[in-house]
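Chains here go by letter, A, B and C, matching the order in which they are written, and residues are numbered from 1 within each.
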């Protein structure tokens, strides 16, 4: 896809301040790396020197910015360069993805599956019986979709995702490569001889609209009922969501965090990387949990920040950390105090 | 699959206390969510109100239970409702899986591979030369099975699992989606110029009977010899098992735990989520390790519980944690004591 | 592949000290497990008793070693048995892999893709448009290679790896099963209603020569520009590398570690398992980070060792840990001191 400066200016509600309105670009790059046929932007004054040396064909700048030297690139002025670029990239991504449509060769699609006519299905993807996929959804190569899975519209399932039977996925969802949705929850009954008997896991996973899930994530099916990821929630890579967990709306969870079985996480919660949360807890709305924390108790008060393993209120945790750093010196001081006391007692 | 109330009552060694012996069900649900054509159960008195409003066609209840109000569902009475349901679900799962048999279209199976006649092989699965697969095993779509892999009977390999050359897998094993078995152990020799030379990893992985492995787990092949997961052991999702590790019988390991190279874990050990164990250790039988613990020394005494990073006996760990919480106040107190001592010294 | 004792002796620059120069072996094993037709080695005196009982056909030993008893195996003497075996295994691995060549049935390769004539492509692998793959590279089954990906020569992509558009991979790289390269970085802008808007991630991933990456690793594409893994760096399994991270040459990272967005890790760094590093930091060359550490500040001094969460210099961390273990006893002692002071004040 190629775009002219004038088409981009129009799209961004901007104007061409300097240069050639017909010049074409086909890709993006950072201002210090951009070359001919590429578009870039300048939003941070720190990078201004690059404006005068860049080989980019087009640079997007703020209306308020006046170049101090000569510029070879075509300049498009907009209200806010950073926001304009984000919009432009999003537009480009969408355009590119929109073009994907139709079923490629070498797919297996069960005759009972119902796919909207414009759905894209990549090669080596396997779609089992009873599956329903809504319009404009894109299923990339090598995806597995088990029996009776329902996928909404405008949803994008990236290469190699594995979705077990009966999973329900909403609209405008993105799931990245290697993620497994609906594998058995980890439930076993210990027997008197030390062995374990499996508890059948016959629930499913429900993923609501506008959820994004990273790569190599695991979301287990419920024992009964559903493991639920609510609307607008974003999960990073390598996250573990155990059976019967519920995660509220617009919660963000960073990479390698793990949430144990039956825990309910509220909405607008922020969970940093490598956090662990034990099972059967409730985490209140708007909670913030610092990286590597271990949550062992329910959080009942909204808007709190937790830290540490086991986690406490982050002011307390910081106080404990600071105190711990003083501890070796404290040991010395106490030995001195002891001597003084002994000398007093001798008197 | 549909089942009548009378067939289910017979299977569970129960009887129909109320309702229609010919009513049919085809799926399960929680009592608060069940609808027509579904079966559910009541084991916990807390849920009794739902019994009188449920739309389920059949409810399984304890022999000892007498409804206080009118019930629309057909009631099957059994000795223990919870156990009966677990048995029923397991039966249902088994029935459903038993039906899977035969080789689907679009598979690659080397001509030297030996598959029992009733083995199921899903589409896009790749089976290399010399592979042997025992009777009633199910290999789901998009699985990779490398050269000379041996898989026993009644084993289930879920979609997208990757099994490298020479792996040996027993009977009644379950391996979930995305798991990688037999990738190279992480072994490199530092060179004088700062670079690393790879140590070839030519061992294999052995997985014994009745082992269950979650999704996106990694089990590395041994440098020489075997990485071994013994009979009845259960691994959750996203676990790392390094080269030459041995894990004893009936051990359970929760999600995101990692065990470093050459460590030997005993039998009936319980390892919680996100635990890390360093290499070349021995962990005694019946050890329990709390979540996020870091194990840096061998555990030689059986039946101990460890906690913390670095881990200690969990009584000590809890004592240290409690003491740490008192530390900031302690610092204040010591400052006061110092003043008092100074005042005494001045006297 | 079979090799005679004399061929192996020649390859290793050794000589046959005892036995039959024509005896053949086809595989390797540990000395305590080796059987007929296998080769093994003795480097550690602890294993000497096995030399006299082994069923191995050939044993490699040091020039300096003289057997104290009769040996049935053919003995090859070399300067250093351990190094010789490592070399031999590497040679064997290379020989075996070299034989893989050609495109298997059931692959999808876009007509614009350019593959060197001797490239191996396994079944069910998908290669999108504009892809370039260099000579002697091996692409195993079920791999996904997105648009415009460039892969160098002698590189090995194991089964089920997913490589997103525009990724650049060098020569002599190994990537293990299930790893995802180039998925979207985790970037969202919070909106006033609590929801999040996705920041398009349009950068790529660059992996330089001689890098090895374990199984089920995630390396996210940059927002703009590139996420870079430099020459000779080795990553273990289940590692998270976020967008815009740069990792220097010859750095080793153990399993389940995670590096947050835009952090720059130096060269010759050693990062142990389950370490977490927050975003936008710099880690100096030659830093060593102990397992499970949490790095919250940039490391500016080279050659330091860090430990703990939050991490500090490992001497300080060990001092704090030791002090923490004394803390419960300290609390008792302070209570006693208080009493003594009170008694003095009363005097």
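What we mean here is this: contacts are C-beta pairs under 8 Å (C-beta built on N, C-alpha and C of every residue); 3 or more make two chains touch, one makes a residue touch a chain.
Nothing here was measured: the structure is a model prediction, and the numbers come from that model.
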Numbering shared by both copies at the chain C-chain A contact, with half separating same from different: different
Cα superposition angle of chain A on its copy chain B, in degrees to the nearest 5: 120
Where chain A and chain C are represented by their mean Cα positions, the distance between them in whole Å: 26
Shared interface positions of chain B, touching two or more other chains: 106, 124, 142, 160, 178, 216, 238, 256, 274, 309, 324, 327, 330, 334, 337, 341, 344
Chain B - residues contacting chain A, complex: 28-30, 33, 86, 89-90, 92-93, 104-106, 122-124, 140-142, 158-160, 174, 176-178, 210, 212, 214-216, 232, 234, 236-238, 249-250, 252, 254-256, 267-268, 273-274, 291-292, 309, 321, 324-325, 327-328, 330-331, 334, 337-338, 341, 344-345
Residues on chain C engaged by chain A in the complex (per definition of touch): 106, 108, 124, 126, 142, 144, 146, 160, 162, 164, 178-180, 183-184, 186, 188-189, 194-196, 198-200, 202, 216, 218, 220, 224-225, 238, 240, 242, 256, 258, 260, 274, 276, 278, 292, 294, 309-310, 312, 316, 319-320, 322-324, 326-327, 330, 333-334, 337, 340-341, 344
